[in-house]
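Input: a single structure, listed below in structure tokens.
Think of it as A, B, C and D in the order they're written, each chain with its own count starting at 1.
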Amino acid sequence: MSLITTDSKGVFVIAVTPFNDDGSLDRASVDKMVDFYFDKGADGLTILGMMGEAPKLTQAESIEVTRLTLKRSADKPVVVGVSAPGLAAIGELTKAVMDLGAAGVMVAPPSSLRTDDQIIAYYRNVIDTVGTDVPVVLQDFPLSTSVQITSKTLLSILDAHPSIVMVKHEDWPGLQKITDLREAEAKGRRRVSILCGNAGIFLPEEMQRGADGAMTGFPYPEMMVDVCRLSNAGRYDDAQDIFDAYLPLMRYEQQPGLGLAVRKYVLAKRGAIATPAQRRPGAALGAIAVREVEKLIERQERKLEALK
Amino acid sequence: MSLITTDSKGVFVIAVTPFNDDGSLDRASVDKMVDFYFDKGADGLTILGMMGEAPKLTQAESIEVTRLTLKRSADKPVVVGVSAPGLAAIGELTKAVMDLGAAGVMVAPPSSLRTDDQIIAYYRNVIDTVGTDVPVVLQDFPLSTSVQITSKTLLSILDAHPSIVMVKHEDWPGLQKITDLREAEAKGRRRVSILCGNAGIFLPEEMQRGADGAMTGFPYPEMMVDVCRLSNAGRYDDAQDIFDAYLPLMRYEQQPGLGLAVRKYVLAKRGAIATPAQRRPGAALGAIAVREVEKLIERQERKLEALK
Amino acid sequence: MSLITTDSKGVFVIAVTPFNDDGSLDRASVDKMVDFYFDKGADGLTILGMMGEAPKLTQAESIEVTRLTLKRSADKPVVVGVSAPGLAAIGELTKAVMDLGAAGVMVAPPSSLRTDDQIIAYYRNVIDTVGTDVPVVLQDFPLSTSVQITSKTLLSILDAHPSIVMVKHEDWPGLQKITDLREAEAKGRRRVSILCGNAGIFLPEEMQRGADGAMTGFPYPEMMVDVCRLSNAGRYDDAQDIFDAYLPLMRYEQQPGLGLAVRKYVLAKRGAIATPAQRRPGAALGAIAVREVEKLIERQERKLEALK
Amino acid sequence: MSLITTDSKGVFVIAVTPFNDDGSLDRASVDKMVDFYFDKGADGLTILGMMGEAPKLTQAESIEVTRLTLKRSADKPVVVGVSAPGLAAIGELTKAVMDLGAAGVMVAPPSSLRTDDQIIAYYRNVIDTVGTDVPVVLQDFPLSTSVQITSKTLLSILDAHPSIVMVKHEDWPGLQKITDLREAEAKGRRRVSILCGNAGIFLPEEMQRGADGAMTGFPYPEMMVDVCRLSNAGRYDDAQDIFDAYLPLMRYEQQPGLGLAVRKYVLAKRGAIATPAQRRPGAALGAIAVREVEKLIERQERKLEALK
């Protein structure tokens, strides 16, 4: 039952939540999916994130998904998204999942926050609520939350709360923010683990600027694994070659709203889950889109073959 | 165990949720508060609304507040707010509170909705989720949700879903929307009950335009009761006289964010709850604001005395 | 040709822009309107604000409205709204109106700003653009701009730019911000003039908390004049009596979007402008709304009579 | 002096506006830049768009940039962006640029629009203002405007206004919208030209779904030219090969806010403009970002070489 720390590195895959076609939880697929992610080289998982359809689950279902995932993940770390409109719900879910053995919890700011002070106060309230012994991932994803956190504000929050051990970095543009955090660290501020989201679309640059890995759900986790591994070995050109081969599909998958349909389609195709079904409301992938995705996959395979 | 219908009328007070100073639920105050509202003439209550600090409660607490309120309200109707980011949570809470004897549930649209079709689809999903036998109140409150529902869109939704029996009207400006709904009804569209929110700030005009009453939490429910009663009797000038006496405080209470602190201060002062405490995060009423409120109350009492 | 300063006080009426029914500028009404405002006791005017339909004017028309207003205002100060999406347009219009004799310019932040640093940088760019010798009014109106400026951020901006001599205060809730600015001043920060907007709806409290007057366009400027005069004389109860008499109409006029139709209707009725016409797009006042306004005016006159 | 029509096709490059390092207009670079774009195969230009820093120009400058560009473009079509907060400004600039010989004007909706009816009314007002003889491009770019236009709403607008001859398509996700428009056309609705923006990031799929070309400013216009040409010839795989070679840089350039700095850096490097300077406020490209861009260009050239 490992906890994430400021030194956590590697690839934490943002897991989907498998559903049956009737919208019920597909419990059977959870094991298959967990195995798939770890077989492809994941170092950990993050469940119940935005792309995990978390808000569509009842609280009981959230806890069950956590229990099932943790059981199958054995000693690998699993972070659980606990973002909610209110602190009480965050506190309740955090306690439940940490008791079950989660490695930490992830919290994105509610979209009502505007000023720096509001953002700082929000995370103070979160830490007061979950307690200082629970490792927290701060999710910085303005495209989705519309909350803009400057590097300065982020550093203030990190200074105040040592239990925020990781940043899920997906500001856009956000490369400078990684540089700011690492330069601050070089000048004596404390270290924080930075795992990058944003569908992986800037992973080569992010790794070179000092990120510790990826936390995103692109349905070819081997892409993130390879890019991180090669980057850590200083083989930046090779990392970029791999990345480039996947980029056309990655770009297609990054479409807001539609992206999850692409992701689940590919995961089902690869056998990681039984069906691409999303719980309602969810955008379905039309016939033309399926053809587009299939063609991108075919081209991707050709390119990867050529790289061997 | 009465249900709300398209013919529901009168004053449904938006109840606060009483907390102790340490942020725990003040169960003992629930009875006092329920008695207070009905003593002042309320026809029903609405709990777990935005001003009921609903998002700050755990699900278990939400259900307990509902149980306590329903028990004390005897056969009076109690509507329960069930708005949530996801349909599953809405469905789960709806089932729980209807089983306990709620008169109906209230649902505001999530702030991500933009186009007419998105709003229409959302309420279709909500009705599919809660079932067509649960009376639903559609809360139309753009200032808070940022979702703008035109009269045309609202009428489409009402046409499609007979179980939406009531609109909590708090668009701003929104007087024309009441007129639109009533004109549509005169031309053969089905009737819907319209209870008005927005802190009561347009109640005299709303009643004259065809509203059926008020659903708001101004801490002098007797204001809403008197304005509705006098309006229904055609005594519009007397209604406006009463309204005008309360208006300076009503205006002060309508300040977003701060309003709940004013409301709870007055309710505590009037003995309806033990303390004005809000669960975190909540704006406290500073010393100057307390003086301002006290002065407004003092003037209000003088004016009401003069009206007798 | 007086300039506004940090000591400016009193009532600056937000002027409407008179149009003919065909949407062309009603040049003839400008003189009548200016005379009306000053006859009712205004100390100055503010033109080309949001309620002055400024974005509907061409640049040439903006300059002509300024020229006509300044000419008729003789030596009374006239502030000109110069908010625009870009700095170049702000700079160009500022130069033009200051050359014509304006007393200062007013700038609201563009709605894209989010973080404290973005807001601070914006006003630095504005001052760089207009030059440090032009007196600037910072308009703080989050309901319209969606930009939230904390007291701390506002004080940083005021510290950095002495030429920002005035704040048009219309945050909501915003009473604490006035207190914050005055407490900072008591502790040695420099003084700034605070004139209050928000349709005048909190004017009595604002004056008691240290505001210097009003900058809003309620079509009975004598209300603002009387409330300010009585407040300055320490006669707060008398000020509140006057305020209360106007409050029902003020509340009605504060409806976003619709408010300007109410304002122009009353101004036309009082002879200040020839017709309530707005340039397209503009909400018209329907027949029912006209009856509501007329009734509120009638009641208002009865109440004012009773106060004499 | 050609006008755009519903049959317009090809690549209209979104032109930047060249500035000197002191922020003044770099008139001399306009000719160079126009020549560059047409040398690379552009069929037309679009100036004064969002990426043309249009809001940073005074009206006089906007007209001068138009005049200079039109003069150098000879008989090639040049569309001019005329989006503005108010209709009068749109009308004034439209008249000026059409008199100078523009091929049409482009209008994006103001970010205050929410409901379908508001969007429809807005374009009715625009067409009333500019007149039905001016060809209009409707810019559909929700990521920037936050206005969401459904296919149904878009078709209503196109039905009502034949002078809207072109859609600048940059919804995200938006591929289905192209399909919707073309399916409607197949069923008898009138044709509209669809040129795609969004930094070109979906151009291969867009062309296959029936788009007529590209309208975006990626600083290698030859990419758009080749992808359009090959797609029109049915050589989709070749088109995608070209596209893929440019995609890593395209993705980097698509970063909101920062993208223009990348674009101008590359254009200056390629000799199309004298310097990458933006008028204030504008994000500069830091040293690390420059290295990242340079590396992407180097890799891009290697890949293009390999495709020959």
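We take it that a residue touches a chain if its C-beta (ideal position, glycine included) is under 8 Å from a C-beta of that chain, and two chains touch if they have at least 3 such contacts.
Everything numeric here is computed off the predicted structure, so don't read it as measured data.
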| Interface sides of subunit A and subunit B: same vs different residues, half threshold | same
| query | B-D or A-D: which has the larger count of contacting C-beta pairs? | reply | A-D
| query | So, what's the distance in Å between the C-alpha centres of subunit B and subunit A? | reply | 38
| Centre distance in Å when subunit B and subunit D are each reduced to the mean of their C-alpha atoms | 48
| Just curious, how far off is subunit D from subunit A if you go by their C-alpha centres, in Å? | 33
| task | Treating touching as the only link between chains, describe the layout with one word: line, ring, star, complete or other. | result | complete
| message | So in the complex, the part of subunit C that touches subunit B is made up of which residues? | response | 172-173, 175-176, 179, 201-202, 205, 208-209, 237, 240, 243-244, 247-248, 251-252, 255-258, 286, 288-289, 292, 299
| subunit C to subunit A touching residues, read off their complex | 114-118, 148-150, 152-153
| Residue ranges of subunit D in contact with subunit C within the complex | 54-61, 84-89, 91-92, 111, 121-122, 125, 128, 279-281
